[in-house]
Every structure is written in structure tokens, then in C-alpha cells.
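Once you scroll down, you'll see the structures, which are given as C-alpha cells.
Each of the next two complexes has chain A plus one other chain: chain B in the first, chain C in the second.
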Partner chain A sequence: MNDHSSPRWVHWLNTLQLTVAGILILAPTVWMVLSSFKPSFEVTAYPPTLFFQPTFENYVTLWQTTPFLSYAVNSFVVTIGSTLLGLAFGIPAAFAVSWSRITWPAVLTLAARMAPGTLFLLPWYIMFREVGLIGSYTALILSHAVITMPIVIWVLLPFFDNIPRSVFEAAQMDGCSVTRILWRIALPLVGSGVAVASILAFVFSWNFFLFSLILSNSDTKTLIAAAFNFVGEGSTQWGSLMAAATLIALPPLALAILVQRWLVAGLTLGAVKG
Partner chain B sequence: MASITIRNIAKKFGELTIIPGLDLEIADEEFVVFVGPSGCGKSTLLRIIAGLEPCTSGELFIGETKVNDVPASKRDIAMVFQDYALYPHMTVYDNMAFALELRGMSKAEIDQRVRRAAGLLHIEPFLERKPKALSGGQRQRVAMGRAIVRDPKVFLFDEPLSNLDAKLRGQVRTEIKALSQELKTTMIFVTHDQVEAMTMADRIVVLKGGEIQQFGRPEEVYETPANQFVAGFIGSPAMNFFPIRRAGDAFVFEGAPHLAAPVPDALKAALGGRSEAVLGIRPEHFVPVGGEEGVLPVVIDLVEPLGSDTLTHFDLAGVRTVARVDPELRPKVGDRLGLVAQAGKAHLFDSVDGKAIR
Partner chain C sequence: MTPGSTNSQGRQLAALSAPAVLFTVAMIAFPVVYTIWLGFHAFSSTGEASFAGGANYAALVADGEFWNGLYVTFALYALSMVLQLVAGIYLAMLLFHSKRLSGLLRSLLISPFMMPPVVAGMMWLVILDPSLGAANYILVSLGLPASEWLASPTWVIPTIALIDTWQWAPYVALIVLGGLQSLPPSVYEAAQIDGASPFRIFRRITLPLLLPTIVTAAVLRSVDLLRFFDIIYITTQGGPGNASNTLNIYGFRVGFEFFNIGYASALMITLSAIVLAAVLVLNRLRNAVAW
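Our next item is the complex of A and B:
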């Protein structure tokens, strides 16, 4: 939309919409961050306090009562592992779908992604237990690949589709096999797509709670599942939970800020072809 | 360098038949142009030869080898695409070197070949540039360079000039022709532009509906078209066609019964028992004469001066007609002109199947 040609009220409406959306999205985040610096008695105070004496008490508690660092390592291992696995399978899969113009495999992966995670839990628990992998990184990485691979495929598909077919055909005429076309021609041309896919896969895998809760053990628990420990049956340690949540949100946030430009370009590519 | 033999090649997309069954022999080192209107199957045929499209049935030989089951990457054919299809992430040098690298050629040999081709095509100053930093004409040259460095058995060109402006098109056309004479490789060039076909080809294949209408040297196709379609397609402006009736030893124009012409003796036998036919006269084969008897009187209603000659448009026997005349004549709209058709240059076609009557 061109702001110069739109009436003034449209401009104001846009601003209003963005403001409301911004508040809806940011308010819980702001509340989370503020709460993490509040003394524990003030976290659940009603009405919520906006001005308070900030304290690192929650972070200190978090650090002292949990092996936070080893949970973080677990999260990084599982997330990076599943992102790499998603890329390793998702890139060739997306290229194959784009190349052959047979879309049902991609739709199938999307269906798997749309199915509720609980659907996988029982069969996976049984399967991984049978092969003795419960509590292992392998089980977590494999299960998280169900999240990452469809993301990689669906983000990359429009990128591959956007490369003129004749470029691939020229490579064929030059003597390239299909595999070589993928590595030498197609992949270098979808670099920003791979970046976007990696980040989205990372974020979704990082924040995925359910599989880790069931398939990990105390040594391999990821941050997001570990944070759940603060939710008790009788009482919930809101302060520590908020401190953990704030720290957990940092890596994806840092990544998103780092590659914001690519992210926007990548997310709109499918819509604006040509 | 190799000949190409096509035996009864057919191509169907589901129920749709693009090429019903086609035979063609292209000699070694020959420059053949496939020409025809959109949808005539010329690009499909080229892509079948390239190996980018499988044929539904039939056999394809490059040299002595049957290549039906040989993938495009192994056919040793180079192709120049309509949109050039350069690798956007590689420099001009790398675009040209890529195929040679794949063949495991030494760096020195690659360098020598790339620089030689670049010299031939005058693209040395751009070797380190990426395609997006080049003009259309320069990209076109790089696409040709990428084909030349490989020294392939066969060159294929898929309408490579259609994205260039008119002036550049003429220039590159001449360059490709010069190149073909220098490289002495079998070349197939696809175009819908009959001027490109006439000027470049050793032999022209005129296609319509996936069938070969005529295969011959440019002057053959122009002077003795096999049928009314070829006669109308080759030559610009197109040949004028007049439905005629035979009345004894004379032809009468359907649209103007008062206009008659004697049937040439040479055609009497060929005409046989036909009472109707189509008379074809090219715009350049009308000659303006004075007002004597036997000439076709016309009134000019449109004039297109081309510089070297002038096209005049008029109505003749109910048919919109074009004649190419000497610009010195300075024809004007409304002028009356007496025309005769050059003896021996008129064509006759069967009014049912369009085949030439000779």
C-alpha cells in the first residue's frame, strides 16, 4: 500500500492496528522481564506493580537451585542437532519437490507438523524405550526433527521454485547430475532462504516443550522442560520461572535481531514472486 | 561434430499431441533453423534433441549413437536458452568455466578456452562481473560463450534473440552466422522469426502442428514453397493469396470476375481437372506499369516507406494486397496504379489441401 495516496484515516487505522498488535504481543514479554527482576512476594501482587526495587534474587535462586548451565547445553545440543538434521533432510526434500513438481510429500510433512505433538508421544516413548534411547540426545534430536524438517521444506520451497527452470536445465546441459545441480547451482542461490529456515527451525525446536518433557531424563532435560520444575503442585515459584523464561527467550531473540532483514525478505518471498 | 537423425519421433502431453510423428536428417556441420508459429512444436523438438524432454515414441541418433536413454548431461550438446539462463551467483568467467570444471579439465586448459571464447565474443572486459551487472546483449554473448568453450558435438539455440532490441538482434544474428562458419559444428536454431530463419540457415525446417511442412535451403523454401502455409509464412510481407476459377484457358479472380489471366502452358498439365485454385503472388513480384490492357488496376489506400523500397496496400479482387515498389515511384494514398505480376513468379495452390501445384 502506498501511504502517499491513501487517505489520512487509513494511515491512522494502520497505526492503531500496529499499536494494538504490538501491545498484545509485547505486554506478556514485558511482564515476564519485569517480573523476573521483582522480589518474589511482588511477582503475584495484584494490581501488578510497575515501579519496584529491582533485584537479581530470582536469577541467583535459579542459578543456585538448578544446573541451569547444563540444561542450556542440552537445549543447544538438541536444538542445533535437530536444526542440522532438519536442514540435511529438508533441503534435498524441498529441492526434490520443486524439481519434480510433485507436492504431496511436502503436504504430508506439513500434516505431520500440524498433528498435535501428543499424538507422537506414546508411540515414540514406546519405540525409543524399546531401542534404549529414552533420555538420550538422539531421541530428542530425532523427535525435534519432526518440527524442524517441515519448516525447512516449506520455507525453502518458494525459494527453489523462484529459480528459473532454465538455469537448472543449463546446468544439465553443462553436464551436471541432479545432485550436483542442488549443491553447485540451487543451494548457493537460496542462501537467504536457508538462513531463514535455520532460524525458524532453531526457534521452534528451542521452544518445543512436550517431547523433551517425556523423552529426556535429568541429564538431557532442555531448558524449556526444566523451567517447568518451578511449577509445583502446591505453589509455583513465579519469580524463578520468569527469570528462566527471560533467559530462555534470549538466544532466539538475539538470532532474530541478527538476521531480521533476511527474515522479513524470506517470509514474504512466497507471496511476491517474480 | 555430428549428424542428427530423427526417426518417427512423437510427443504427447497426456491427451494432447504436440508432435504426431516426425522424421528428419540433419547433416554434420549443418546450420538448421526450425521455424514456425507459436505452438508448432519447434521448441519441444529442440528440447527432445537436448534431452530435456523425453519423446513419447521414436528414435533419436546423434552421430551413430542412439541417445533416447542418454540423459541431457551426457549428450555432449550445448544449448543457448531464450532467457540465457546464466548462473546468477557465478562470474562470467565461472559461468563459462563451469562445464569444463565438471569434465575435470586442468585449470590452464580451462583458462585458455575461456579466454579464447571471450575474445571471439568480445566479452573479455566482463569476465569478473556477475550476470546481473551485464546488459541483455552482453548476457546473450556470455550464454553463447558458455556453449562455445565446451566444443560440443551439437549447438542448440532456443530463440536466443527474442529478448534483444531490434538493432542488437540484427547484429547478434550476423555474429552467430559468422560463428557457425568458424566453428563448423552442427547447429540447430529455433525461432518464430522467418527473417532469422532465412538469413542464418543452411536449411530451414518449417513446422506447423508438429509436422514438417518443408525442409530445404532458404531460397528453395522461398522460391518453391511446398504449400500455401509455407508460402504465407516465409517472406515478409507475406505472400498475397487470391482465390481463382478456371474458365477455359484463362483464370478468373473469384472476387472480380472481370479480371482474367491466361493459364500458363506449363501449368496446364499440373492443374489437371481442377476448376478452382489459389493464386499466390509475393509483394515484390508485382511490377507497376502504365495503363495498358491486361494490367490489374488498383487504388492505393496505405503507404509504408521502408527507405530501400516502399510497401503499398490496396484492395485487389476483394483481397487486401501488398505490393513492394520502387521508392522513386513516390506512391501516395489515393494514387491509381496499374500492376502486372512477374511472369513465372506466381504460385498456384490447391484450394482444398493447400499443396503447391507445379
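Our next item is the complex of A and C:
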């Protein structure tokens, strides 16, 4: 309803409100990034300063006083591992659900995404301790795959649904097995869906806090779990705290912006066609 | 196609979803059953389990901290939900009446909710610091009283609700915008010809037609809000005192800080039942307003 009939001032009023909303959305993030580049004596200055001599001091401090790099490596191992596992389980499942219209496997995995994580964290802790996997990448990747797999399935479902049935039927006439149709015919047709699913799975696995808080140890701690320690130690070290926050937010934000156009439909798990 | 090949097709399809189903059963179904079992047991200091019947659940009813957690969970849920639905619908209307959604604007809108909630918590912790934070500086500059924000037992719930609203109102807005764009333009034209005011059109036509979309957004947010964890754990860990101690935070602490496994399990089962009930009720509501 881009009504051209409405007077000019209505248009300006609308733009003004949108600008204010945009500033409210952006300002906290800008403040975080600005603070990370402030000299340490100026981060906690009151009144807060908006103009200052930017410095990498906080990033250097973070690098020197914490094993930031190894936390980052842990985060990438767990996130990429769980994304790949989610794709390996999720792609065939989404294809089978789309083809057979038997939806309960998809609904079952969704239930896992809806339940509070603390519900299975306690048994996981006991089970992983039993087999000596507490603090292992294996435990972290398995637990994070519980987040990634339903994302992959539900993002890919509409993509598979959009492939005309006649394509599959023709392939079947030629004697292709269902599995072969998936890998040779269907998967190449849903490439963009796989890209969106992978990125969303990556973002949510990267951002996930609760499981690594309990299942990691000092060697396998992810950035998000380490952030909790930074807050505890950093009550006066706002500069390096904000440097850490900026670096941790960077990978998911960069990836999300890359696929922003297709993101919203994926995020609603197919509930709304965006 | 012969019936035999249909059969083998069914088997092949089942084989394709088997890994996902087995993984879910191993990682979710079995642990949930295990948690239910744990909830009916008491554990000695050496970790030996003994059947306790409903003792953990009886303790729950008598536990003031549980009732506080229930109150905090629902207060935070209701306040956050109302704030982000109102802000989200308002934002969606603004976006709908402006030009096409540009990539830059969309990137701006998704940036809050694609950022880790833990980072959002860290960032707001600094902004809302009672003595040195930018938020109080702005309030005082405008001649308004400063707030203790997360450090105040009275204001901690509204403050956390505000942080969550900052993060998720743009998400609600994008969902509602999708709903607005799918409405048939003819309904507006008819109303405009009848001379209805814009506000009346919004209340009588747009809002009722949008209800299914709004309820969908509410369902998606409910699941996250009832098990609210990250931002609270990073900012207040349930405090000050127990003022932001939601059921999820309380259950987590009972389990992993006090290692009271049986009682923590009873708490988590209760919270999960609440989440399940909320989703069922809201799904009913969604069917009721569907058109």
C-alpha cells in the first residue's frame, strides 16, 4: 500500500519515525564497538566521551591476558562440526519428509528445539561423564547438533517442496533409486537452501551458551562460554570486555548479513512465507 | 510402478530419515525419560539413587524459591511479549508504508537478533551501569532521574525485558511485515472508498487480518521467553537477591551449582510442561484466528 495519495508530511513523519527506530536499534552496537577502541582510561570516563583517539590497546590486552585464540579455535571446531553433522542428518531427513509427506520426523526434531536445554543437560552431563567425554569436542559437537539439525530440516523443507514431482518421477522411470535422486538430482537444485541452512545453523550454534557452559573444560571452552568469565573478571576492564564482545559477535553478524534476504523465511521455520 | 517398488521406495525414504530420528531419540527422548526418572529419586552424598516417589514435587510446592521463579518467569514473559509485539507491529507498519525494504535496512533489522544473546548482555551491562553507564548519563542530561537498572530488585525485570525487546522486536517486525505484504490490497481500497480513517482501517481491518501472523510470532517468541537464560545468566545470574531468578535459571543452579539432581530434574520437568502447555494453548489460538 505505497499510497501516493497521502500528503508529503505523512511521508516525512514516517521517515522520521523510522530513523529514530533505526538509531535505537543501532546505537548500542555502535557504542560497544566504539568502547572497544577507547583508551582504557577513557572507557569508564563520566560523562562518557563520544570523540577520542582510537587505539587497539584493548584488543592487545585481550590477546595477552586471555587464551582468546584457542577459545576462538574451539568455537570454530564446535560450530563447524555441529553444522556439518546437522547437514549430514538433516538433508536426507528433509528430503524424505518432503517426498513422503510423513511429517512426524520433522516435528520430533523440532520438539528438541522447543524444550528448555536444561531439561536434557543434566542427563547429558551424567551420560557423557560415564563415557569420559566431558570436556571433549565430541560431546560439544553432539549437543550443538541438537540445535543445528532442526534448523537444517525446516529451512530445507520448502526448498525440496518446490521441486516439481515430475522431475523425480522421470528419474525413477530411468531406474534411479531414491537415494541417488537425492544426491544427484534434488540436492543440486536446492543449493541456495543449503547455503541459508548452513549459515543459520552456524549462527545459532556459535551463539549457543548453555551447553558449552557445562560440557566444555578449560581446553575446549568456546568463546561464548569464555565470555562469562570475561564478565566476571572484567568489571573494571570495560575496554577489553567490549573488544571481546565485538570479536565474538563478528562471525555470526557477518554471515547473517550475507544472506539477509533469505534469512527471515528460514528463521520462522516455515511458519510465515516472507 | 509395481507395488514392490513402492514398498522399496518407502523403505529407502525411511532409511533417509533414520539418522535424524535415531539421533533425536538418543540425544533427546532418552535423556528426557531419564530426567523424568531422576525426578522421582533422591540421591545420597555418594550419588546413590533411591526411589522417592513424589517427594521432589512435594518439596517444590513448599519451596518459596519455586513460586518466586514461577512469578519471575511469567512476569518477564508477559512484559517482554507485550513490549516486543507492540514495538514489532509498530515497526512493521512503518516499514510497510515506507519504500521497499532495502538490503541495508534489513541488515540493520537483523543485527540485534543475529548477535549472540551473551554479547547483547555484555553490551547492555556496560551501557546500563548505574554509576558510569551511558544510559543514565542520557537520562540525567534530559533531566530525568537515573535508574539502578539491573542492580535494582524492582527494575531488573523491566530492564531485562527491555534488552530482550531491543534484540527481538525487529524479528517480530519482519514476521509481521511478511504478513502485511501478503494481505490483499483490495480490502484497503474498499475501506478507503468508504472514507474510513487510517486508524479505523488499522483497528478494524489490518489488525484482525494480521492476527494469525501475530500469533505465530507470539508462539515463536514464547518458546524462547519461557526458557529465558543467556541474558539473565550473563548479567544478573538471577539477582539482585532472587529478583530475576526464573525457573530455568533456578533449575540450572540447583542442578549444576548445588548438585541436587533429583530436585533439579523435578524443576525442569515442571518448566517443560509449562512450555508445552503454552505452545498448545497458543496453537489453539492460532487456529481460532485463522482465516
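Operating definition for what follows: the second predicted complex is superposed on the first by the 214 of 274 C-alpha atoms of A that agree within 3 Å, B and C clash if a C-alpha of one lies under 4 Å from a C-alpha of the other, contacts with A are read in each partner's own complex, and residues count from 1 in each chain.
Just so we're on the same page, a contact is a pair of C-beta atoms (placed from the backbone, for glycine too) under 8 Å apart; a residue touches a chain by one contact, two chains touch by 3 or more.
Being a predicted model, the structure only gives us computed values, none of them experimental.
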Quick one: classify A:49 as touching chain B (first), chain C (second), both or neither. neither
Just checking: does A:185 make contact with chain B only, chain C only, both, or neither of them? Give me first, second, both or neither. first
Once chain A of both complexes is superposed, is A:32 in touch with chain B (first), chain C (second), both, or neither? second
Identify the partner contact of A:65: answer first if only chain B is touched, second if only chain C is, both if each is, neither if none is. neither
Mind working out whether A:22 is in touch with chain B, chain C, both or neither, as first, second, both or neither? second
In the superposed arrangement, which partner chain does A:171 touch: chain B (first), chain C (second), both, or neither? first
If you tally the residues of chain A touched by each partner, is the higher count for chain B or for chain C? C
Just to be sure I follow: which residues of chain A are touched by chain B in one complex and then by chain C in the other one? 172, 177
Per the contact definition, I'd like the list of chain C residues that touch chain A in the complex. 1, 9-10, 12-17, 19-21, 23-24, 27-28, 30-32, 34-35, 38, 91, 94-99, 103, 105-112, 114-119, 121-127, 131-134, 137, 166, 170-171, 174-175, 178-179, 182, 185, 188, 213, 216, 219-220, 223, 226-227, 229-230, 233-234, 248, 251-252, 255-256, 261, 264-265, 268-269, 271-272, 275, 279
Touching residues of chain B toward chain A in the complex: what are they? 50-52, 71-74, 77-79, 81-83, 85-89, 98-99, 102-103, 146, 150
Show me the residue ranges of chain A that touch chain B in the complex, using the header's touch definition. 164, 166-167, 169-177, 180, 184-185, 188-189
Applying the document's contact rule, which stretches of chain A touch chain C when the two form their complex? 1-2, 14-15, 17-18, 21-22, 24-26, 28-29, 31-32, 35, 44, 46-48, 88-90, 92-93, 95-97, 99-100, 102, 105, 108-109, 111-127, 142-143, 145-146, 149, 153, 172, 177-179, 182, 203, 206-207, 209-210, 213-214, 224, 227-228, 230-231, 238, 241-242, 244-245, 248-249, 252-253, 256-257, 260-261, 263-265, 267-269, 271-274
